[in-house]
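In structure tokens below, several structures.
Both of the next two complexes hold chain A, though its partner changes from chain B to chain C.
For the complex of A and B:
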């Protein structure tokens, strides 16, 4: 089941975006400040400190890059669902079930229209105009159900397109695990 | 063909149409339930009101067949 609350999603995106900006500013400040420190104390031991700092700053920048790409996914979700609605609950597997139900309805209407057609000459009956009017109404209802089917399928397909596009982006994100052992080895 | 026979034949056919329309209304009700279950936009089943409106149209058609046509045909029998 897909569930989207666009208002809350947008708020969360803005909040996450602010946190990322802070992270970005902090990373830039840390790099600048560390470089500044090196100007005021020169010693051969500084090489080890620099190497350690380079490793940590690379990690920090990688984290920054990764969280930005995660935010981009959420932004795409929000942008895609803007055209659908403020709140969406969808089970894509329901599309086939709904199509089958509408096709069944369309078949039944066609069957009823065929029955009206096969009434033959009803001109002898003073209220034949009512029968003709009901047949016309059935034809309008048939047309309406065809339109409903088409609009429903469009909506399901739009949602499927958003989800597929997001899935591709998620698949492209690399998940890397840093173990304590790796971290210790790097030291 | 005798008038009464023609009327009776029409009555029987209209009765079948009425029954088929009742069955159709049940199918439309089932569709409405599915819409709520599988696709809800802004807290309501997508196109549920459009389907509901068609269900009301069908009820009107069915009532017209039952009360305006079949009841009237009975007067000729």
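For the complex of A and C:
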């Protein structure tokens, strides 16, 4: 079962955008802070710490990249489902059952229309207009059910496409590990 | 180097160290907020893809945690440096304080 609440999704994306902005600012501040530290502390110890911190700043940027790739997945989900509706509940495996049920109705309507056709020339019958009117109604209902079937299948296919696309995006996320350097133990 | 000069250096290091600690706290808050957002997202989007995304989320969280540990160890290292200055007998921290008091 797939369940999507677009309002909540948009809220999560907005919060994520704000967090990424804070993360970017904080990472820039951390890097600047270390550079500043190096100006006032000059010995072999700060050299060692700076070398280690250069790696740390690269890792900070990797973290940003990891987090941003996750936001891209959130956006992909929202972008896809925006065209479907505000609240989506769908069981993709139910498509065949629904199609079979609609086909069953369509077949029954076709049978009724065929029976109207089998009446042959009814012009002699004073209330023939009623029969013709009912036959027209049946044809309209048939058209409606065909439209419903086509629209439902389009929705199912759209959802399947979104899910496949999201799945590919998630699979493409390559988490770059930030290993524990632990400067203390290097001493 | 004059005690006041050392004092200025140590003061700057202490200032920068306290800034680093504040960045570490911000990082921690970001970590918590990210986890909240991930939970909200899981509520907003329930799909077979969710468990796959969850797995990646855990991986990203682990790397975030490692980064915090790194930053903490740097902060502790700087603490040690400041402590060593305190032990030199020059009493650089006091010198820095006096210098600041003199400027105020």
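By definition in this document, the second predicted complex is superposed on the first by the 167 of 187 C-alpha atoms of A that agree within 3 Å, B and C clash if a C-alpha of one lies under 4 Å from a C-alpha of the other, contacts with A are read in each partner's own complex, and residues count from 1 in each chain.
Everything below uses one rule, namely that a contact is a pair of C-beta atoms (placed from the backbone, for glycine too) under 8 Å apart; a residue touches a chain by one contact, two chains touch by 3 or more.
All figures in this text were calculated on a predicted structure; none of them were measured in a lab.
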Chain B and chain C placed together on chain A: clash or fit? fit
Q: Could you tell me if A:61 is touching chain B, chain C, both of them or neither one (first, second, both, neither)?
A: neither
*Please work out whether A:175 is in contact with chain B alone, chain C alone, both, or neither, and reply first, second, both or neither.*
second
Checklist line | Contacts of A:124 with chain B and chain C, given as first, second, both or neither | finding: first
- First (chain B), second (chain C), both or neither touched by A:106: neither
Between chain B and chain C, the one with more contact residues on chain A is chain C
Vertex chain A, Cα centroids of chain B and chain C as endpoints: angle rounded to a multiple of 10 degrees is 150
* Asked: Which of the two partners, first being chain B and second being chain C, lies in contact with A:94: first, second, both, or neither?
  -> first
Ask   = Now for A:9: first (chain B), second (chain C), both, or neither, which partner does it touch?
value = second
Smallest inter-chain Cα gap (chain B/chain C, superposed on A) in whole Å equals 13
Both chain B and chain C touch chain A at residues none
Listed in rising order, the residues of chain A that touch chain C in the complex are 1-9, 11-12, 15-16, 19, 22-23, 26, 29-30, 33-34, 36-37, 39-41, 45, 49, 52-53, 56, 59-60, 62-63, 66-67, 70, 73-74, 77, 163, 166-167, 170-171, 173, 175-184, 187
Contacts from chain C onto chain A in the complex sit at residues 8-9, 12-13, 16-17, 19-20, 23, 26-27, 30, 33-34, 36-37, 40-41, 43-49, 52-53, 56-57, 59-60, 62-64, 66-67, 69-71, 73-74, 76-78, 81
Given the complex, residues on chain A that touch chain B span 84-91, 93-95, 97-98, 101-102, 104-105, 108-109, 111-112, 115-116, 118-119, 122, 124-125, 127, 130-131, 133-134, 137-138, 140-141, 144-145, 148, 151-152, 155-156
So, in the complex, the side of chain B touching chain A is made of residues 3, 6-7, 10, 13-14, 16-17, 20-21, 23-24, 27-28, 30-31, 34-35, 37-43, 46-47, 50-51, 54, 57-58, 60-61, 64-65, 68-69, 72-73
